[in-house]
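Two complexes, one shared chain (chain A), two partners (chain B, chain C).
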Partner chain A sequence: MPELSKQSRHILLLAIIGLTGAVALPWYVVPSGFWAFAWMGQLVEARGAPLFIQALLHGRWQLLPIGLCLLVAIIEVFRAGGPRGTAIAAAGGVGLLWMFAQGLLIGLRGWNASLFEQAFGPIAAQTGFGVGAVICGSALLLIFSSGLALNGLMRGDGFLVSAIAVVASCIGVFVFYPVFLVLIESAITPEGSYSLAALVARVFSADVGQVALNSLTLGIATGLATTLLGLGLALLHKRTNFRAKGLLRLLAILPIITPPFVIGLGIILLFGRNGVATWLMSELFGIPPSRWIYGFFGLLLVQTLAFAPIAYLVIIGVVEGISPSMEEASQTLRANRWQTFANVTWPLMRPGLANAFLIGFVESLADFGNPLVLGGNYDVLSTDIFFAIVGSQNDPGRAAALSIALLALTLSAFYLQRRWLGRRSYTTIAGKGDSGLPAKLPDGVRRLIYMTAVPWLAFTVLLYGIILIGGFVKSLGIDNTLTFQHYITAFGVEWTERGLQWTGRAWPSFFTTIGVSAIAAPFTAAIGLLTAYLLNRQRFIGQSTFEFITMLSFAIPGTVIGVSYILAFNVPPIEITGTGLILVICFVFRNMPVSIRAGIAAMSQIDRSLDECSLMLRHGSFATIRRVILPLLRPAIIASLVYAFVRAITSVSAVIFLVSAKYNLATAYIVGRVEVSDFGVAIAYSSVLIVFMLMAIGAIQLGVGEQRRANRGIQPMAVRGSIA
Partner chain B sequence: MTLITRKFFNSAAVLAFAALAFGSSAQAEGNLTVYCSVQEEWCQSMVNEFQKATGISVAMTRKSSGETFAQVKAESANPKGDIWWGGTGDPHLQAAEEGLTEVYDSPMLAKLHPWAVKQHETGKGGTVGIYLGALGYGYNSELLEQKKIAAPACWADLIKPEFKGEVQIANPNSSGTAYTFLATMVQILGEEEAFVYMKALDGNINQYTKSGAAPAQAAARGETLVGIAFQHDVITPTITSNAPIKNVSPCEGTGFEVGSMSIIKGAPNMDSAKKWYDWALTPEAQKLGAASNSYQNPSNMEAPIPKEAPKMADIKLIDYDFARFGGSAERKRLLSRWDAEIGAK
Partner chain C sequence: MKIVSRSAAVRLDDVTKAFDKTVAVDAVTLDIEAGTLVTLLGPSGCGKTTTLRMIAGLETQTSGHVLIGGKDVTLLPPNERDVSMVFQSYALFPHMSVIENVSYGLRQSQLSRTAQREKAREGLTMVGLEGYDDRLPSELSGGQQQRVAVARALVLEPQVLLFDEPLSNLDAKLRRRMREEIRDLQQTLGLTSVYVTHDQEEALAVSDKIVVMNMGRIAQVGTPHDLYERPADAFVADFIGSANLIPGSIKKRDEKNKSITIDLGNLSVEVPDRGYEGSEIYLVVRPSGVSLDAKGSKAASLPAKVEKATYLGSHWEYTITTANSSMFVIQPTHKKFKPGARVFATLDPDHITVVRRG
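Right, the complex of A and B next:
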């Protein structure tokens, strides 16, 4: 037997894992769930049987080619002269395609298309993919990529090819496919035929145009406001002697972790016609109470408050990343503080600013909770889409038209951002010695920052004060008697002889929310940063399409995502509605784009020569990521983890269709309370979530560790490891 | 790249996929899945009492009726829910019209009010009425006193100049409540007169909200003087938070919603669904609404009417034509007329 090469052994291992799945694990979803292990006794029965038994005993001959493809890969490995890349790739690719094709064609009632029924006669129905199928499919996908790597794709780096293949197929299945289905669905005319003309006419109708213009105006205003405020906060934190930095960080984070509706509610309690601030203004200055808060300005205020912290988190990573030595160089060359800021610091912050603006803009477009509470007569796309689907209109065609308008806006912003950043270099972290003190800010800039950021922080304190009080009084603004009743209703516990009883109504949804979010966060961060690495550090065919599709799930409003997930994943081959899994997947792919943005912003500051050094020293790309890039990316990892976790806890519109009796979420519960004006319990629940998330964020920061760029102390230290 | 890191990556990828397969859906056996579209406390007590009465274990999801309709429609190829209980009648009728619900004649039908049976007939047996909620409005009595305006009693009062900028209602495009209001005015005044009225009212409206119950809450908090909504939505804040809001049942007569219940076609647990259906129409089950601060009028003639609920004797109900105004053609026509003449400003 010939000695196998490394690559051959790798392919062999994959094929064996795949075959194990095909021989020993149930091919279809098992009713009691995989981890109940009830399937172990039913390996010969139709429900629990693995691939080969299904094919041979239960007449599901259509599965056989999948197993055969794995065998072909093994035979090819032992071919004299080594395996051929094309053959391996073909075995993997054909197997995978066949697997999905048969899954889509044969469903719960046999053939899905009558055409095949006529040609081949009736066939046994099949349910969704189970564990065996998932393992076979993953093995086939990786075999396919190994084959391509054998043929020299990506300089033969198997890790890179596999990474691209894994990310691309995940995005294809969980983003592109459902969205495609919902758009197709909406092109159906009332008569039941597909009509592109009807869809086009809808998209370009005047009322869609007006709503789109509203959203665009609000999005740009919010994007600018959040970016400037986020920049102010970041500079205040990193470049001034501002004393209460801990408080700053806490206050800036609060709005991100606040469940939807609560900020809007707080704003109404402050500035509504019956609000505290309105009352003071009218008593002190004689300004008559009005409803300015309902409409554009109210939305701008609340969205700026809600999304500036995200901008702050993105920009702070970038401000930290700017090497002081560049600023020192500028000052050594006799530039004054202002010139240094304008010509060095500011341009280096551009990727961060562009990303912060893009996120603020897109967040504003996709925001659902705030326009619902404060929109007044200012219609925006996200709420209009929701009500086109669930409202009395019940017009999915209009929803699709509005969604397309929303998508177009997001993607144009994305395009313009790339144009603005251009192809310049923003590298500041190099292998060279990197020490010194950051330059002081020009006085004007510093004053401006203090004048905007500090009042803003005071305002946040006031707002959260009001919200906190709201949980402890009977009904804020109507009946201000102190009570603990809301907390007891939601989070009561009793100690009985049977042990601790969770009697509060909120407990079940609370535990599910925490569990689902905690599972989703690391997956989101991992797949997001991996994608960022591929986009920022590698060049491959179809890269811009790839990048485009990664933005899709962020650009599409949550409601559309929710409906599309039901359309796509309620029927085989992927049947996961009503499970916790669908919530996890929805969160991962919905929040991944932020992780990607944070990763790209941070990576564009890290000099490629660091990667090249590592590669030259014979590290593979995987080791380079692990040893060089990841440690430098800590701020981005923290941002991604925190963001993914809190977004999962606070998101509403995407999951409202996906929650089920067993897996209900906190926000769905809160919305229900708000609907019946039970603000006390809604606020009490939200306060508990806020406190919980603060603790979780603290834990994440401790776990991943604050960024340590050791050689940047107060005392310029001796340069460590100056490679160049 | 070393073999070890490759192996690490590959096994990590395979493990990740295996983890994704975890949580595969469990098929219900002898259970019942309820989609509930009234407020959560009511849903919860219905579920608890049903479990006590029958021993069937219930999984319940609470969503608004529009959301549930969208979900039932999206799931129709492989239904996950068994019964859809509660929520305004139009989406139920629409689901029945589209064949998404199961035709079922309960032995309890004979015990129901005529309007509940009529709902059953309009839906060709695919749905049934479980409660009635009359349209009306609420005003904030403190604000009214401050502004020294005479208390309104009729629909016609709301277009008086002293209510300028003081009336709130949902947008009929998004809210079934507001659509019911539009259809009610068309039935009381005739279509042309109704649009004259809507135009005049538009001058007094401060905001068209998205959700139907929001105007009642805004009136309770004093954000608006008058909020047009279903009367039970007006009454709830007076009881839950002691808000200074007074309910008005307009003197010209008013339209109403018939809260409905439907069995989902292809329900995985059809027998349990029918058991729920029959049970939910009994007086014992219909008592539970009032106990959860929901004051709609129950459909079983023997069920006690909660004392907080608007007295049926005080409400002049019009003969609301659900078949015509619930149908999608008439709905589209009225809504686009509303958009053209009032919505587009």
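Right, the complex of A and C next:
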């Protein structure tokens, strides 16, 4: 037996793992769940059998080539003269392609296309990939990568090739494949065939057009309002002697830890028909209660409240980026305060403001929770998509068309941001210390800021106050007696003879939320940081495309992701709807972009010569990551974990399509309560979530207290990319 | 745990590196003998660092081959080539102590943990840093960081040791001391070293051989003496020690005495003939190869006018203009002239060489 090289041993190991999956583990999803291990007794039955048994005993000959590809890889490893890269890559690539092709072509009712039925005759139906298939597929993908590395790709660094392949295929399968299916879905004609005309007709129908116009109007109005307010808040923080700056910092964290519809809830408590403010106004001024808050103005108000802090975080970075010495130079050149502001400060901020506007615009378009609770008759895309799927209409074609319209709007904003703003950064502060003092604002501007920003701050504080108090009264505005009833209903705990009983109705969804978020967080951070490493540290063919694709996933609204996951993962080959897994996967790929940004920001701070040096000191790229990059990235890793965790808990738009009776989530549960006007429990639950996340963030901030400066640098970056 | 050297020769065979459309290194062929220190010298952007990085394996060449110890390493990644490198920024890992930094490269070796430590200590001793084991890089001075970086590269006993402008972050005095220490270590251990710098004085001081590069190509290879005294062209003459390039033409070749007479318009100079082609040449006059006098006595002196006079303690620097050129001249302190003064410049034929013009 010839001495095997390191790479050959690696390929052999992969192939053996793959074959183990093909011989010993069920190829298809097992109904009772993998961890129940009931499949161990069914290894020869059609449901629980592994690949080779399926192929030999159950007539599923189409699976055989997958196993054969693994065998070919093993034979190639022992070839005299060592394995050939091309042959190994072909074995892996063909096996993988074949696996997906047969999975897509043969579904729950046999052949998916009648063409094949006529050609090959009927075939046994098959369900979604199970554990065996996942292991085989992963092994084939890694064998494919090793083959390419053997051929000298990425200088023969198998780890890097595998990392690129894994990230690219994950994004392909869990972001682009589902979104592609949305396009397909909207192209289905009533007769069941596909045509471009059907797609065009659907997307450009008057009905979709009206909803899109509504969203566009709201988006522009919200974008403008949040940008102006954010600017006011940022100037208040950085350029005035405003005293309560701690309040501003708290305000900056709030949108991150607040489920998006909570502001809407607070507004209903204030201005709804039974709201506190409505009651006061009718008592004092005789204004009759009305439903004015449900509609465009209510939405604008709520979204401005919800997203102004994000604009503030973006703009504060812009204001900080303006070197005071620019303004000092202007002043020494005989300009007064107003001229300095108008001719220097303002033009330098303009690109940042445009960026903030686009973010506000996209946030508004993607916002799902607020239109759901406050939309009234003002239909917007994100909620209409939801109703087209879950409502009595159940019209996936319409949902797909609406999704395309929404996607088109957000992608346009994303395109503008990249093309138009990408090259116009006026950051004038270099890495070196700049000791200048920023110029004082002109009096008029300062007064305007105080007059708008301060009341706004007060309003926000009031709103959160109402939300926190609202859970402790019977029915705010109607019956203001103090009660713990809502908390008991939701979070009751009883001590019985059988031990502690979680009797509250919210516990199951609360535990699921925490569990799913906690599982998703490390995966999100891992894949995000790995992608950041590839983008920031490596050069490879197709990198700009790779970067564009990962960044594009920023721009896909949650609702579209939700719809696309339903369309894609409800049927074989990947059949995971109704499981906890789909929630985890959804969270990972929804929040990955934030993690990528945090990773890139942190990695840009690490001198590239450290990597090169480690490489020169005999360490490969994997050892370099482990011993040099990761230890230096610790703050970014923690920040990524926290964001992934917190954002998973607060997200609603995507997962509301994916929750099931068994796996319900906190936000979906709260939305359900709001829909039946059970505000008390909804508010109590929201308050618990907010306080829980504040404590979680606080605990972690304490743990990494000395990294505050670094975190402050990362936070605006991270939020900039977030699209709810 | 003695640190020994396993020096090997390096050969670059027709190596080219292109970034998109710009060619950084253009068909460079170079042989570096085992145990010698060779400097790659040139202005920024001449391709010297890229050449070094291709030897290291950090850059992939567009074409050509790199051989170390006779073995073709063209396709090997840096971690599989037997080379190590001292970086311009030192690249010390900030989260590791001095001893961890130095033993980092040994962690991938077959040595036991204690043997690694012992060897790392030996490396630290060689650079004069015993007892600094547990310091962090941030607690060291610039010179100490530099020594750690050198020790870290040395303990791997590489076939080739690469230096990428290692002294550029140090102040002038420390730079002089460190370059002597590096040269001592290199000679004691007999290391093959490739050293990149843009400082010609540093290059002259440390090198066995200097490779002058310009615009991606090798302009000249030679010992410090060769380069200073027999520059191949105007670029090398100007880059190695400053030089006054005075255009002239060869008037007469004396085959018997092996000398040529050069016509500078109003003056003729006779210099040894080293086989120049063509007749259009530059006379290379070193700043110290001219003596200024108030009176012109000999025939071979040019009348000139002092434009600028700078007193530098140990000597004077003058800028003078002659009928058809301007010259930069260094004079001992007793030769004192005021700007505007009329002087006579006498050229010392021993300090004059000739390079091709055009």
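Following the convention adopted for this analysis, the second predicted complex is superposed on the first by the 417 of 724 C-alpha atoms of A that agree within 3 Å, B and C clash if a C-alpha of one lies under 4 Å from a C-alpha of the other, contacts with A are read in each partner's own complex, and residues count from 1 in each chain.
Everything that follows uses one rule, which is that a residue touches a chain if its C-beta (ideal position, glycine included) is under 8 Å from a C-beta of that chain, and two chains touch if they have at least 3 such contacts.
Being a predicted model, the structure only gives us computed values, none of them experimental.
By the touch criterion stated above, A:E45 is placed in contact with neither chain B nor chain C.
In the superposition on chain A, A:V628 contacts chain C only, with no contact to chain B.
When both complexes are overlaid on chain A, the residue A:D157 reaches chain B and chain C alike. Of the two partner chains placed around the shared chain by superposition, neither chain B nor chain C is touched by A:D443. In the superposition on chain A, A:I17 contacts chain B only, with no contact to chain C. Once the two complexes are overlaid on the shared chain, A:M616 sits against chain C while remaining clear of chain B.
Residue contacts after overlaying the shared chain place A:D607 against chain C, while chain B stays out of touching range. A count of residues in chain A touched by chain B and by chain C gives the higher number to B.
Residues 157, 620, 623 of chain A touch chain B in one complex and chain C in the other. In the complex of the two chains, the chain A residues touching chain B come out as 6, 9-10, 13-14, 17, 29-35, 108, 128-131, 134-135, 137-139, 142, 157-159, 162, 166, 207, 268, 272-274, 291, 294, 371-372, 375-377, 383, 387, 389-394, 474-475, 477-479, 505, 523, 563, 566-567, 570-571, 575-581, 585, 620-623, 626, 656-657, 659-662, 664, 668-669, 672-673, 675-678, 680. Taken in their complex, chain B has these residues touching chain A: 1-3, 5-7, 9-11, 13-14, 16-18, 20-27, 33-34, 39-40, 44, 58-64, 66-67, 69-71, 74-75, 77-78, 80, 90-91, 94, 165, 171-176, 178-179, 206-208, 210-211, 213, 216-217, 220-224, 236-237, 240-244, 293, 328, 331, 335, 339, 344-345. Across the complex, chain C is touched by residues 152, 155-157, 607, 609-610, 612-620, 623, 627-628, 631-632 of chain A.
Within the complex, the chain C residues that touch chain A are 56-58, 60, 75, 77-79, 83-85, 87-89, 91, 93-95, 104-105, 107-109, 152-153, 156.
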